[in-house]
């Protein structure tokens, strides 16, 4: 890719990153809602539900960071070993 | 494809439209996730009658409330983390 | 956005709406199929399965209308209160 | 991006292609939903053998039939609602 | 569609096909991983897990081929009968 | 939209960028599937504490390893099938 093409790719990547960030956020909302909210006796979150959501978000963020690190390592190792067999 | 045409006016038009589009996409994505979650939590799975019964209706209303609240909590939390980490630069300052 | 930009946004919104309508439709087909069809002794729908599908579609459409109304209300209330805290 | 170029010919080309594309997208989306539903309903989850057994094969065939039938029923129903509400204007008259 | 338009549609279809092929592949990986890998006592696949994955891929590929054939048949039959009622 | 502009340079630029983009999309799709699968397999669903405990951490690490291995096995298998069927022409020779 020449510099102009790289700039274009770069700008597409930035859009994708924003989209992916929003996706991570929305997944957190949905997953933690699904796991922590199971009663609809009240209109507002109970304090128990709220703290479950907080721990859930924390744990998922830490989990994603860890998974991202391992993924990078494995990806790098695989690239050095010559990529996926088919490439 | 802006690099094919160059020129700022189009780029900035495109950027403004893209931003408006992104916001609409975000809201409509949230709505479809809410529909998915609240239908699962509130609708009786056996579909014995075609109408929402009282229990289902109340459950759906509260489900929307709680979904919004979770949304706010998660958003606050992620901003807190972001400003703790970076001392500035909110992830939502699109 | 100037009028020309608004027209462009408008036209993209129309495409999105068509896409979303198709998505609602496909979700109905899939959800009601998954909930109502559990036996494959026959090639055609039994009358019991068919009426389950009809009630399922009815209920989901009503549910979506209701959820849409509440969503709009909450969204409006939140916009007035100054939006999501981060905005 | 039609507004950047203007002119009817391209717009109408683009529109015709977009319509053909939308129909193909619709069919292929339906197929992937069918694959998802029918695999879950018909395949033994333990994968004891690599081949489809008789029961799985028959189940898959009937599953496709029933999925199409549900598709037709839902489509008829939504058209009924649309014409009842609007006295005309089918949601499928793309 | 005129020939030029057909060429454009063709080229978009090719991109879609590549995307869909990748999607089938990724679904296989995810489904068979989810079905066959349930213990994390070890870092590597056990031989039991590995052969489960192999059978799982085999079975899903055969299943998709079969579903594709039936789908085509039904689609053709429906097109002859005048399409989905709404079209 | 290449047909609107014609000319090889743009087409080939566009194609090269599209290919780079497709590879990145593929990797990021795999990552989000891995996150989905490994979170479900490894995280305690009750969220009693905000931190990963020892068991969850080890499970996540091994989960990534196994997910990659499955990826390689499936890829090898599909190439085997492809070359058996077509005697050449790998589905991954993007």
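Just a few scattered comments:
The first chain written gets the first letter, and so on, giving A, B, C, D, E and F; residue counts start at 1 in each chain.
Note that a residue touches a chain if its C-beta (ideal position, glycine included) is under 8 Å from a C-beta of that chain, and two chains touch if they have at least 3 such contacts.
These numbers come from a predicted model, not from an experiment.
Compared with chain F, the chain whose C-alpha mean position is the greatest distance off is C. In terms of the distance between Cα centroids, chain A is separated most widely from D.
Taking each chain's centre as the mean of its C-alpha atoms, chain A lies 25 Å from chain C. Taking each chain's centre as the average of its CA atoms, chain B and chain C sit 14 Å apart.
Annotation for chain F: residues touching 2 or more other chains are 1, 42, 61, 63, 65, 71, 75, 78, 91, 94. In chain C, the residues that touch at least two other chains are 4, 8, 32, 36, 54. Note for the complex: chain B touches chain C at residues 13, 16-17, 20-21, 24-25, 27-28, 31-32, 34-35, 38-39, 42-43, 45, 47-52, 56-57, 60-61, 63-65, 68, 71-72, 75-76, 78-79, 90-94. By the touch criterion stated above, chain F contacts chain E in their complex at residues 1-3, 18, 22, 26, 29-30, 33, 36-37, 40-42, 58-59, 61-63, 65-67, 69-71, 73-75, 77-78, 81, 91, 94.
By the touch criterion given at the top, residues 1-2, 4-5, 8-9, 12-13, 16, 20, 23, 31-32, 35-36, 52, 54-56, 58-60, 62-64, 66-68, 70-71, 74-75, 78, 84-87 of chain A touch chain F in their complex.
Of all residues in chain A, those touching chain B in their complex are 4, 7-8, 11, 15, 18-19, 21-22, 25-26, 28-30, 32-34, 36-38, 40, 42-45, 49-50, 53-54, 57, 61.
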